[in-house]
Amino acid sequence: MEIIDRDDLLAWLRELQRVYAENRDWLTELDAAIGDADHGINMDRGFTAVAEDFEKSPPADMAGVLKSAAMVLIRTVGGASGPLYGTFFLRAAGACTGATKLGPDGVAALFDAGLRGVVERGRAEAGDKTMVDALLPAVAAMQRAASDDGDMRAVLAAGVAAAEEGMRRTGDMQARKGRASYLGERSIGHQDPGATSAFLMIRAAADTWNHG
Amino acid sequence: MEIIDRDDLLAWLRELQRVYAENRDWLTELDAAIGDADHGINMDRGFTAVAEDFEKSPPADMAGVLKSAAMVLIRTVGGASGPLYGTFFLRAAGACTGATKLGPDGVAALFDAGLRGVVERGRAEAGDKTMVDALLPAVAAMQRAASDDGDMRAVLAAGVAAAEEGMRRTGDMQARKGRASYLGERSIGHQDPGATSAFLMIRAAADTWNHG
Amino acid sequence: MKKLINRPEDVVKESLAGLAAAHADLLRVHFDPAYVVRADAPVTGKVGVVSGGGSGHEPLHGGYVGRGMLDAACPGEVFTSPTPDQMEAASRAVDGGAGVLHIVKNYTGDVMNFEMAAELCQADGLAVESVMVNDDVAVEDSLYTAGRRGVGTTVLVEKICGAAAEKGMDLASLAALGKRVAANGRSMGMALTSCTVPAAGKPTFDIGEDEMEIGIGIHGEPGRERKPLATAREIASMMMDAIVPDLPFRRGDAVIAMVNGMGGTPLMELYLVYHELERICRDSGITIARRLVGDYITSLEMAGCSITLLRADDEMLALWDAPVMTPGLRWGC
Amino acid sequence: MKKLINRPEDVVKESLAGLAAAHADLLRVHFDPAYVVRADAPVTGKVGVVSGGGSGHEPLHGGYVGRGMLDAACPGEVFTSPTPDQMEAASRAVDGGAGVLHIVKNYTGDVMNFEMAAELCQADGLAVESVMVNDDVAVEDSLYTAGRRGVGTTVLVEKICGAAAEKGMDLASLAALGKRVAANGRSMGMALTSCTVPAAGKPTFDIGEDEMEIGIGIHGEPGRERKPLATAREIASMMMDAIVPDLPFRRGDAVIAMVNGMGGTPLMELYLVYHELERICRDSGITIARRLVGDYITSLEMAGCSITLLRADDEMLALWDAPVMTPGLRWGC
C-alpha cells in the first residue's frame, strides 16, 4: 500500500496490543535487569486499554485515533513510558491534524513529530540508553528513504532496520536517563527495554501496513 | 565409688555443661520438629551459666550446690524447661539439706525429690510425652535397685537404662503437655526433647560418679 | 540466615537498647534482669500492668509500655519465656501500692515462669493477679493439650486493661475485666513462610513454594494443616470459618477486629485481607466497631497474617478509645 | 510467588478498599481515577498537600493522608508511577482556594507524570508548586544519571510540610520549606532479600544466601555494590559513611533520624540498627533530636533497612512535633 488512512492507524494500534501482550514477559525481563521489572506490564496494560477504548468509541479521523490512544496511554501506563509514549502519540496526532491519509513522507513526519515530543518530555540525548536510541535513527532512516522517493515499504523497512540496529546498540551503552541510570556501569551489557518497545512499535507498523 | 559428696555434685553439674553444649544442636533439632527449636539453646545457656556461677562462688555444701544451680537455671533458662529443671534442683537440694555425702539410696532419693518437683510444677502425667517419661521410670528403677541393696554403679546403671528406654518410648507418644501438644497426632514419631535432656542428665551422673 | 544483627546471643539485649534510646520519653529499659518499664513508674495508687514473653513478637510486649497500656514488659530470649526474676523485678518496679496484674499468654513456659514469679511476689506481700490469654482456635481439642495458645487477643487485653488501670480500676476488678476480654477474643493465624530463630540459624520449618500453613502459632509451631496456597479471599474465609462458630460470634455482635501481620508481610497485603474480613463480617451481620491493621504481634520475619475478633461491650469499647501512648500503639494523646 | 492476594491485577484496588474501610474517620478513597483523600477535604483556605507514587511502599503515601500531613495521595500500580489524571483529580479534590503542593520523589516516571498533571492544573487556573525529593546518596554521580532517587526524606517532607499547611502557611512559603527540608535530608538503603512484584510473579533480583545489596533503591533497583553479608554494626557504619560526609552532617548538628524497614525485616532488628545508629551519632557529635524506627517507606516484602538523617532547624522540629493523625503516623491528637 502507498498510503495509510484512519483504519490503518486503528489496525496498527490494535496490532500493538497483540505485540505487547506477546512480548510482555520479554520486556519485563529486560526491565528487571536494569530497572524495576514492569515495562512489559505497563505497555501491555496501556495498549489493552487503548484497544478496549476503540471497541467502545472508535474515533472518526486519523488525528482522533492517535489522540485517543495518547490520552488512554497517559491515563493507564504510568511510569516513565506512560508520559513518553503518551506524548509521542499526542504529537503524532498533531502531525496529521485534518489529514485523511498519509503517504511515505507523511508517515516519516508522523514518527518525527512523536520523537520530538519524547525528547522534549524526557530530555534524553542519543546515547543515553533510552527509547530515543531506537526512535532517533529510525526516524532519520525513514526521512532519508522518503526523501529518496522510497515507497511505503522502503520507508518502513528502513525505519525497522534502523530501530532494530539502534535497539541492539543500547546493549553497549551506559544508561544516563531513567531508572537504569542508577546502575552506572552495571547497566552496560543489557538491552534497554524502552528501546525494545519502540522497535516493536515501528516493526508493528511495517507488519500491519505492508500486508494491507 | 559408693558415696558422693559436694565435689561430685559439682563435677556432675560441670559435666552437664559439656554435655548440653555437645548436644545443643541435637536437642534443638528435636525441639524444631515438635516445638520451637530452642531446647538445646536453653539448656546450653542455663548450664553454662551454672558453671560460670560455680567459677565465681562455689557453694560450700551439697544442698548449696544444688540450690545455686536451681536459682541460676530459673534465672537463665526460661521457657518450660527453666522452671521445671529449676524446681528439680531446688527439690533435690531440699532432699540433701545438711548432708555431706550420699549413698546409693540417697542418690535415688535425690532424683525422686527432683521428679516430684517437676510433676508438681508441670502437672504432667506418665505418657504425656515430657521429661517426666524419662525421669519417672528412671527414679523407679533407681529406687528398686537401691532397695535391692545395689551399689552406686548398679543404681545409676538402672537409672540410665530406664531413662533411655523411657526417652525412646516418647517417640510413639502423642504429646499432651507443652508446645508439642499443639501438634496433636503430628507429634507422634518424634522423640521428646525434654525427655532426651533428662536422660542426658542421668547418664552424666553415672559417667561422672562411676569414674571417680 | 539473613538478619540485621551482630551476634545471635546479643540480639535481644541490643534491640532493647535501641528501644530505650528511641523512646526515652515513654520508657526505660532495665538490664539484668531485663525488663521494660514506663518512664514514670511506679504510679502511686495505680495497679501495675505487667506482661512478657519470648522476644521476636515486636511490638509485643515492650512496644506497648507507656501510658494507658503496659507499665512493664519482660522480654525473654527469642521465642523463649522470660524468667521469674525478671517478672518479679518488673512487678516491684511498677508497684504503686495497688497491686500488680500479670497478663500471661498460655504457653507452658510462660505460665510456669509467671506462676513462680507470682509466688515470689506474694511471699513478699505484693498482691498479684493473673489473666491468662488462650484465644487460638487453631488448637482444636484443648482437653488433650496444654490448652489453647495465647495470640492476638493479648494485644487487646493489654490495651483494655491498661486503659482501665490508668483510670484507677482496682486489682480484683481489673483481673475480672481482663478475663472477660480474654474469654471473648478468638484468633487464628496462617503462614506463607517460616521464620528463623537467630540462635538456631535456620528456618524453623520447611514449606513448599505453593504451600501454606493454616493455624500456625506465633513461634512457627506447625498449625492445623498444610494446604496448597490459596487466595486472600479463601484464606480469610478459612480463618473466619474457624473463628466465628467458636465463640460463637453472632449476627448483631459488635467486635474489635485485628488483621495482624506476622512480620514479613507487606502492609498492602494486610489491608487487602482486611477488605476481605470486612466483607465477611458484613455478610454475617457482625459489626466491626473498631479495628487494627498492621504488625502487632509478630513472629520475626514470618510471612503470613492472623485475624482476631473480640466481642466487645460498651465498657470495652470506651476503654479501647481511651488515650494510649506507647511506641506501638498511640492515640488520643 | 507467595502473597496474601487474589489476582495480581487487583492488588492495588483491593488494598485501597481495605485502607478506606479501616480508616473511614480519616480518609476516603476515590476510584477511577484512584486517589486517597482526607475525609474533610477540601479545607477552605488551606494549601492542599498532595503526593503519590507507585504502590508497594506502604504506609507511604496513602497511609499518610489525614490531618497534619497529606491531603491526598495518588497510588500507582506496584512500583509504577501514577498518572496525571489521578494527580489532577486529587489536586482538585483538595483545592481549598490556596493552591496545591506536589511532593514528588525523583524518578523519571513520577517527575514526568507530575509535570503533566501540574500543566493540566495550571491550564485550569489551579496554582501548583512542586517539591522534588532526591536524597538517596547511593546514587553517586548524579550528573550522569537521572539524578538521585527520592527515598526516606519523603516521609519527613510530607510530615513537615503537612504540619505547616495545617498551620496556614501559604503556597510559596510551603514550597520553599519543602525544598529546604529536601535539601537537608540524606538517605541510604540496603537489602538482604529481593521483593517480588505481584504482576511479575518472581523476585526482581537474585541474591546469594551470604550476600547483601548496599545502596538499594526502594523498587529493588540494584545498588552501589553487592557485598558479603555483614553485621548490623558494619552495615550501619557503611551507610553512615556514605550519608554523613555527603551533606555533610557536622558535629553539633541536630537531626531527625529514621531507621526504616523495607517491609520484610522484623522491628526487633530495626531497633538493633537504631542502637548502632545512636552510637555512631554520639561518636560524631550529631544529636538525634527526633527519630522514627519502623516501616515507613517499604519495598513490598524486601528484607533490609534504610537510614535517613535530616539536619533540622527549630522550625522543622516544631513542625515535626505538631499533631498528626494519619493511619501511618499519629501523635499529638
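As written, the chains take the letters A, B, C and D, and residue 1 is the first residue of each chain.
Everything that follows uses one rule, which is that contacts are C-beta pairs under 8 Å (C-beta built on N, C-alpha and C of every residue); 3 or more make two chains touch, one makes a residue touch a chain.
These numbers were taken from a predicted model, which means no experiment stands behind them.
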*Skipping chain D entirely, trace which chains still reach each other through touch and list those groups.*
A | B, C
*Counting only C-alpha atoms to place each centre, which chain is farthest from chain C?*
A
*Where the centres are mean C-alpha positions, what is the separation of chain B from chain D, in Å?*
55
*asked:* Between chain B and chain C, what distance separates the C-alpha centroids? Give it in angstrom.
replied: 32
*Think of each chain as a node with edges to the chains it touches; is that a line, ring, star, complete or other?*
line
*Okay, what are all the chain pairs that touch?*
A-D, B-C, C-D
*Which chain D residues qualify as touching chain A in the complex?*
33, 54, 76-85, 107-109, 112-113, 115-116, 138-141, 144-146, 149, 197, 199-200, 204-205, 217, 219-222
*In the complex, go through chain C and note every residue touching chain D.*
2-7, 11-12, 14-19, 21-22, 55-56, 58-59, 63, 192-193, 209, 212, 229, 231-233, 235, 263-275, 278, 291, 293, 295, 298, 300-301, 303-305, 330-333
*Which residues of chain B touch chain C in the complex?*
28, 32, 35-38, 41-42, 45, 74-84, 86, 121-122, 174-179, 181-184, 186
